[in-house]
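In order of appearance the chains are A, B, C, D, E, F, G and H, and numbering begins at 1 in each one.
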Amino acid sequence: MDEKSLQNLLSRCQAGDLTIDEVVAAMRRLPFEDIASARIDHHRALRCGFGEVIFCAGKTPEQVGEIFSALAAADQNVLATRATREMFDAVAAGNPQAVFWDMGRAITLQQKPSEQIGHVAIVAAGTSDIPVAEEARVTAMICGANVTTHYDVGVAGVHRLLAELSDLQQARAVVAIAGMEGALASVVGGLVSVPVIAVPTSVGYGASFGGVAALLAMLNSCASGVSVVNIDNGFAGGYNAALINRQIGK
Amino acid sequence: MDEKSLQNLLSRCQAGDLTIDEVVAAMRRLPFEDIASARIDHHRALRCGFGEVIFCAGKTPEQVGEIFSALAAADQNVLATRATREMFDAVAAGNPQAVFWDMGRAITLQQKPSEQIGHVAIVAAGTSDIPVAEEARVTAMICGANVTTHYDVGVAGVHRLLAELSDLQQARAVVAIAGMEGALASVVGGLVSVPVIAVPTSVGYGASFGGVAALLAMLNSCASGVSVVNIDNGFAGGYNAALINRQIGK
Amino acid sequence: MDEKSLQNLLSRCQAGDLTIDEVVAAMRRLPFEDIASARIDHHRALRCGFGEVIFCAGKTPEQVGEIFSALAAADQNVLATRATREMFDAVAAGNPQAVFWDMGRAITLQQKPSEQIGHVAIVAAGTSDIPVAEEARVTAMICGANVTTHYDVGVAGVHRLLAELSDLQQARAVVAIAGMEGALASVVGGLVSVPVIAVPTSVGYGASFGGVAALLAMLNSCASGVSVVNIDNGFAGGYNAALINRQIGK
Amino acid sequence: MDEKSLQNLLSRCQAGDLTIDEVVAAMRRLPFEDIASARIDHHRALRCGFGEVIFCAGKTPEQVGEIFSALAAADQNVLATRATREMFDAVAAGNPQAVFWDMGRAITLQQKPSEQIGHVAIVAAGTSDIPVAEEARVTAMICGANVTTHYDVGVAGVHRLLAELSDLQQARAVVAIAGMEGALASVVGGLVSVPVIAVPTSVGYGASFGGVAALLAMLNSCASGVSVVNIDNGFAGGYNAALINRQIGK
Amino acid sequence: MDEKSLQNLLSRCQAGDLTIDEVVAAMRRLPFEDIASARIDHHRALRCGFGEVIFCAGKTPEQVGEIFSALAAADQNVLATRATREMFDAVAAGNPQAVFWDMGRAITLQQKPSEQIGHVAIVAAGTSDIPVAEEARVTAMICGANVTTHYDVGVAGVHRLLAELSDLQQARAVVAIAGMEGALASVVGGLVSVPVIAVPTSVGYGASFGGVAALLAMLNSCASGVSVVNIDNGFAGGYNAALINRQIGK
Amino acid sequence: MDEKSLQNLLSRCQAGDLTIDEVVAAMRRLPFEDIASARIDHHRALRCGFGEVIFCAGKTPEQVGEIFSALAAADQNVLATRATREMFDAVAAGNPQAVFWDMGRAITLQQKPSEQIGHVAIVAAGTSDIPVAEEARVTAMICGANVTTHYDVGVAGVHRLLAELSDLQQARAVVAIAGMEGALASVVGGLVSVPVIAVPTSVGYGASFGGVAALLAMLNSCASGVSVVNIDNGFAGGYNAALINRQIGK
Amino acid sequence: MDEKSLQNLLSRCQAGDLTIDEVVAAMRRLPFEDIASARIDHHRALRCGFGEVIFCAGKTPEQVGEIFSALAAADQNVLATRATREMFDAVAAGNPQAVFWDMGRAITLQQKPSEQIGHVAIVAAGTSDIPVAEEARVTAMICGANVTTHYDVGVAGVHRLLAELSDLQQARAVVAIAGMEGALASVVGGLVSVPVIAVPTSVGYGASFGGVAALLAMLNSCASGVSVVNIDNGFAGGYNAALINRQIGK
Amino acid sequence: MDEKSLQNLLSRCQAGDLTIDEVVAAMRRLPFEDIASARIDHHRALRCGFGEVIFCAGKTPEQVGEIFSALAAADQNVLATRATREMFDAVAAGNPQAVFWDMGRAITLQQKPSEQIGHVAIVAAGTSDIPVAEEARVTAMICGANVTTHYDVGVAGVHRLLAELSDLQQARAVVAIAGMEGALASVVGGLVSVPVIAVPTSVGYGASFGGVAALLAMLNSCASGVSVVNIDNGFAGGYNAALINRQIGK
């Protein structure tokens, strides 16, 4: 409901094509619809740049399938995160073109012809961080970005990271993913001139407190261009990077 | 020290203009210098897009003045945050063109002809959040962004925020600043299609735990395009937004 | 044991109908009884407005059945929360009119003719919050309130909430249920003129810390009429709203 | 901006008295105004039942005076909390009828003829909790409630509380204020049949963690009708109780 | 190794019955022995008043059986806490007189003729606290105390507790066991003139944080004679009470 | 108000000496009185074994003086903790026999002829723990115990503690006071056969978190007879030890 | 890539044996290689003194087997920690000489002729700490140290520890392992003149918070030569001790 | 009191030169002495390798002076940390050769001819970490180590650290000091083959929580040879490094 539609409504009201009550009602009727388990917000693609994303954790395969189909019916690209294979089966029944990303625990459906643009780089500290990194990668991809990945480049062997430097320095945004002490974000942030989206992971044990150690490290990064998303939130990492990438254009 | 300079060094070495030891030494001599209280990293402007920023808290006015002058001598723009007027006096003695931003507790020196581009929007929930917001504003400005501000638009009166919507929706990045329950970031994040940099503030008392409540709320935002920086870190908010703004270009 | 009964006891004592020891004993014998697994407080309905509620978690189906029957024997309405179907089976054996609320994980037995009065509104941010919301709904209902529900109206799409506004503004109390960043309570609190009982839920992951993020957000709400109950405590949300609703009367 | 005004606007638009652009503009112009330090929300009294309250902490006396006068100019009752005497002096200069409540650290201005109704009871555990209790009392009073207070009735001498029972049982809402172990809320909650608003205070030391111990105790209250507000938030305690009291009417 | 044995050793050394090296060795050989899985400290009964207690959690049934038999071989009473029935089976094989306390999850072996003395009272807030309370009861019993128990006397119905008062006031020590808000310890502490050992339990959910809320409440008790042991540590509650009881004598 | 007085009241009622209303009123009139700043509980000495203790922190010298005099008027011993010299001056004006304990920050007034009995031992780990230890000592003393002290016997030089062993082993209760890692309680608990009251102190820095490290260590003591009180609560340490000491008698 | 190899590269460049681009490329090509699941850093043995260690938790047996074989192929000693027997089976298939340490949950492969030197002592407080202690022992061993162990010597029976003193005092480094209150590190630290590496364990319950109590105690140790590693990190304990041992030489 | 003195005592006893009681007494009389404010442990130098160190925080200048002189009288080197200039003045009065280290807030007295050996390297991330680094440097020095320092080499400009690499790689132990995200320890740990003692500092703000972020990062370091001491504990950093250095010898 932007100003243009409002002006249009008012014009039609002024012209007598719509009664006052019809205008009031129209202003109420925003573009979402009720299905059994969720109130879907089709409007979001316009408002936020990408449609509603399905966060599968805590939902049944049936619910995931139902919501997925509802979103697919609007002819947009669909993304479901934290998905299990069982959920994918429920989705695939009604959406045979949907793809399951095993490592990244995601389901995508590409309905709009895609032209990948720009460059988002994803770096991950250890092999255990890869599921989160893959969630970021799939997300950035479905949002239209070219993506490069650099895994197992933790700071305990900083030369591994330095070897990847030229690719990182060419990216438009970098997603830095690490658990344990989360130092990767700071080191990367000191090496590149673009925004770094830091994703702490719950990888670690003991005093890592399920990712809190990495989260705090990233929030306190001494490098300037670093911002942080929730623990294990690979989706947010990829999404923010893709938003930046998309704005810059081709 | 990029590949080009390396190749240049090697050429001169191959040509016999430089001995091997001279090359090794040159590769060691990276562009930072020692002054009494800090090792200044002039290289950072090239590597990260903006020169080293002076975080004044915990430094004496003399130290601030000394570091400021060293950075100024490199003919770049200079930014000092968390500055007091007393620090400014120490800076101004040697840098008469430096400007003090009282509300934002910052000192700037604009040495390169500036052309402000693009659009960064800064929203703050309450009047007590304004110092953090102003730090963000000054930072984004010195980094070359046009900035609009919307203060006192907290979610307890959501119509105040909605009234500012069209400006927010035209920005390239939004900095959302709030203490207490930090809900502003989520509401803004649901209304715009560009990255939202959320800055929790220590405004509040009791169970706000010095900004932790707002920080956690922002990290858990149900809106997708939100990333978070440290509590009260207005600088990081403005800097990240300006990085995004700059990449998009004019 | 109120003043009237005390005066009555004393009168009978003065009249010689009761010995002193009998009076002392009577004052000791407050209206609770011992069954095997719990000391039931039948007096509570008088003292607090609703009888003792069975919190089933950590009890065996047999214990739940036993306590339920003991409460039912006092001819009052009975409510058991956090119940499983297996517990319900144990209850239903002896109380065939008991009803199981699957989504809200509750068992009720309506023994007193009910006249639902007033209006309690329940809003929940996401689909995962619905079990807590349903617990609130069943509780408010068995306590005699008319209830309306508005689910999946989280603040990331604030127009969804605004669309429900007129119903919310007609309620006598609103229960606002949300996990993640818990911002719903603040936005609702800024829109209505009645008490808002905020229920944080453990929905979320990472830095939501099992509901702590939402709890803190709600405690720090910048809206004035908001009070908070324990994480996932839908019962307390519904109960407090119903207490308010009942006091106002028809 | 309710439906009636909207319909009125549209009628005038339809009638040609207003252009479309004027309507759009009017819909933007919601009833708040900008003064130097805050965006005042005069609309709140209609929407929420009481006008905006000034939280003085972190504001200068000048800012408090300015905001107070702006609110006073709207002919409503005004309340400022966490006020110092110095702030009061700034307020009193322009508002000679304003009253300073030393113990409760509040400033009030009663502009509308007041008729105190109903009954709110305030209980506080120890003498150190009195400032918070007084803030609650002043708030409930300015919101139109008759208030009774019972101070120094902590649970370590439970007979002191029991002696006050009949007054508590006649109240429409009880505000229970305690620091240290915060047990007062549970004991009171088990004795009355009306909502108990629990206010944890920062009174205590060591493992009280500035009120966290009391806060947690109150959130975990085994009594059913207890809800909780932020640490030391006497205002919220009194406000919520007064909201309930007001709804019930005379 | 007390002064008497030392003097004895030295006498024998002086008399030539022991060489110097034998004395040095004897002073090293303190009364513990090595078995496969633990270094048993038979000396503790002398030093601390009760032999080593077996904490079964994290041990295999075989280990429990082995340690139990080693302690039993020293003809003292034996206590094993946090035991499962499977562990008991392993114990009973070699110690047919051992007893399993199902509710209190403990195994005891009474080998010394017992004369129960004095009076320890155990109060527990809710039915879910009973396992911890029973652990306390079995412990106090095996340590020679007469024990009375009062379960389900939580403070939300304070009259239930007051009804038990005369027994509590006759005890030599009271163990107060509660989860959730842990207020029981304070109320009991205000009613008796003997030491109260408070045992927080992990009963509760959400913001009870596994017993932390009750622990903090008990540590901050406004009643003077309250000391606290670890969460769910019924053993320590019973043991400390029994220590006090035993010192007073018959 | 014990059973005897109740029976006496009832007898007089039965005999017509008292009306029913007089009895009801008498039962209400429990032995506490109102002074300006606190509701004093003279009854506590009977109920709990020692009169109300004044916790001075957060009170003005005038308040302390007033409460102190009110308690002194009841001819009991009086103890005020966390007192400053300024508070003592206010007390001494009206109570010339009051004594100020500089190191222990306490004021006492010994009005009942004292016969010190038994033996309480107080051990403190470091010199910085002495103020808390002295508070414990003064408290135990005014409660009638003979007290021995052993300061600066921290576990980093365990021989210092072992050298004091024979005195510790003769005490009826030991108060173990330590900050930093709080290990003293465990080592002492393993060496004596009487209750150990552990008092964590806020001595330390960094990860001692104001005494939390010591508190947790003490709660997790692997020695059996250890119970814990609040951080820096020397009073509770001395009081609990004295309670135990007093029960045993001469 | 040390200075010598750099000079060598440059010489060959100067001599024309290598082109400039080849030199730049060589400087990029640091000695690590990519296998499917991890980027192995063979260089680490040179740089850090021991090759990369496999942390098995969160890896599949296949991944462990693959990485193990890759490391083994470099003819170095290999260590895998937190291994299950299932993982060992996967390793043993390709590395028949690998050894599984059941208690210490580790796999080792000794390929270089070993000469154990020096002396590392490992002390553990309780039987439940043994798995962590064994991980430390296996680690120190594979790193070439002679190791002595002293288990079940917790401070609640400090004589048990003192009996082991002469061995501890002869070690070059001591690893002190304890859960619960973690006091062992402080007592040991006060008795020896060599570095103590403290390893907190997650042994305990309730307020041990999964090892946090022991961790904090160790960080706050009043003994000077104590440093701390992560909770349950027996590997780091053994590794640090072995590093010290190795530096001292035979 | 080692075995030799014990054997000597026993010989003299056997020879009749000492009575048994004299031996017992001698064994009690361990080498510490009482002065007014502390029990000094002269024995520690033998047992632990360096005499008792004075932690000045919380002591008066007089106490510091008194303890310093007592330690100095034993002809050993003396170290006092966290000292103010005022404390130094009190020390210098009686110990004119004592030296004050302004930046490191330490006082030293070198009484034994010193021969500095080996090599300890100290790296600090930022200029604000220098006081802690200087405390480490002075400590290592007084303990006999040659020390090199590398300040302002934080990871946000990792080339600054790499430029110092050859010195770091030649040290026998490295002390890595950093606040904020504490990543320095991990990067250094990955570059050297000797033990790294990590010292988190309280430098930072907001979510650094007074050094907790750095502490957690360091405990979770992905590099193997890192151990950690308390926040801001430069002394422990220097002391542990010096212990290692000393063991290796010249």
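Keep in mind that, in the parts below, contacts are C-beta pairs under 8 Å (C-beta built on N, C-alpha and C of every residue); 3 or more make two chains touch, one makes a residue touch a chain.
The shown structure was predicted, so the numbers you read here are calculated from the model rather than taken from an experiment.
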After a C-alpha superposition of chain B on chain C, what does the rotation angle come to, in degrees rounded to the nearest 5? 180
Equivalent of B-G within the choices E-F, E-H or B-C, defined by over half of its residue contact pairs recurring: E-H
Looking at where chain E touches chain F, is over half of the residue numbers used by both copies, so same, or under half, so different? same
Between D-E and A-G, which chain pair is linked by more C-beta pairs in contact? D-E
Express in whole angstrom the distance between the two chain centres, defined as the mean CA positions of chain B and chain D. 38
Counting in whole Å, what is the centre-to-centre distance of chain A and chain E, each centre being its mean C-alpha position? 54
For the pair chain C and chain D, the C-alpha centroid-to-centroid distance in angstrom is 25
Contacts with two or more other chains, residues of chain F listed in rising order: 3, 44, 47, 157, 189-191, 206-208, 212, 215, 219-220, 223-224, 230-231
What chain pairs are in touch here? A-B, A-C, A-D, A-G, A-H, B-C, B-D, B-G, B-H, C-D, C-E, C-F, D-E, D-F, E-F, E-G, E-H, F-G, F-H, G-H
Chain B residues touching chain A in their complex are 3, 44, 47-50, 53, 166, 172, 189-195, 197, 215, 219-220, 223-231, 235-236, 239-240, 243-244, 247-249
Given the complex, residues on chain A that touch chain H span 125-126, 154-158, 162, 180-183, 185-187, 189-191, 204, 206-209, 212-214, 216-224
Residue numbers on chain H that touch chain B, as the complex places them: 127-128, 151-153, 157, 159-160, 163, 203, 205-208
Under the stated contact criterion, what part of chain A meets chain D in this complex? 3, 6-7, 10-11, 13-14, 16, 20, 23-24
Given the complex with chain H, which residues does chain B contribute to the contact? 1, 28, 30, 32, 37-39, 41, 43-44, 57-59, 63, 200, 202, 210-212, 215, 230-233
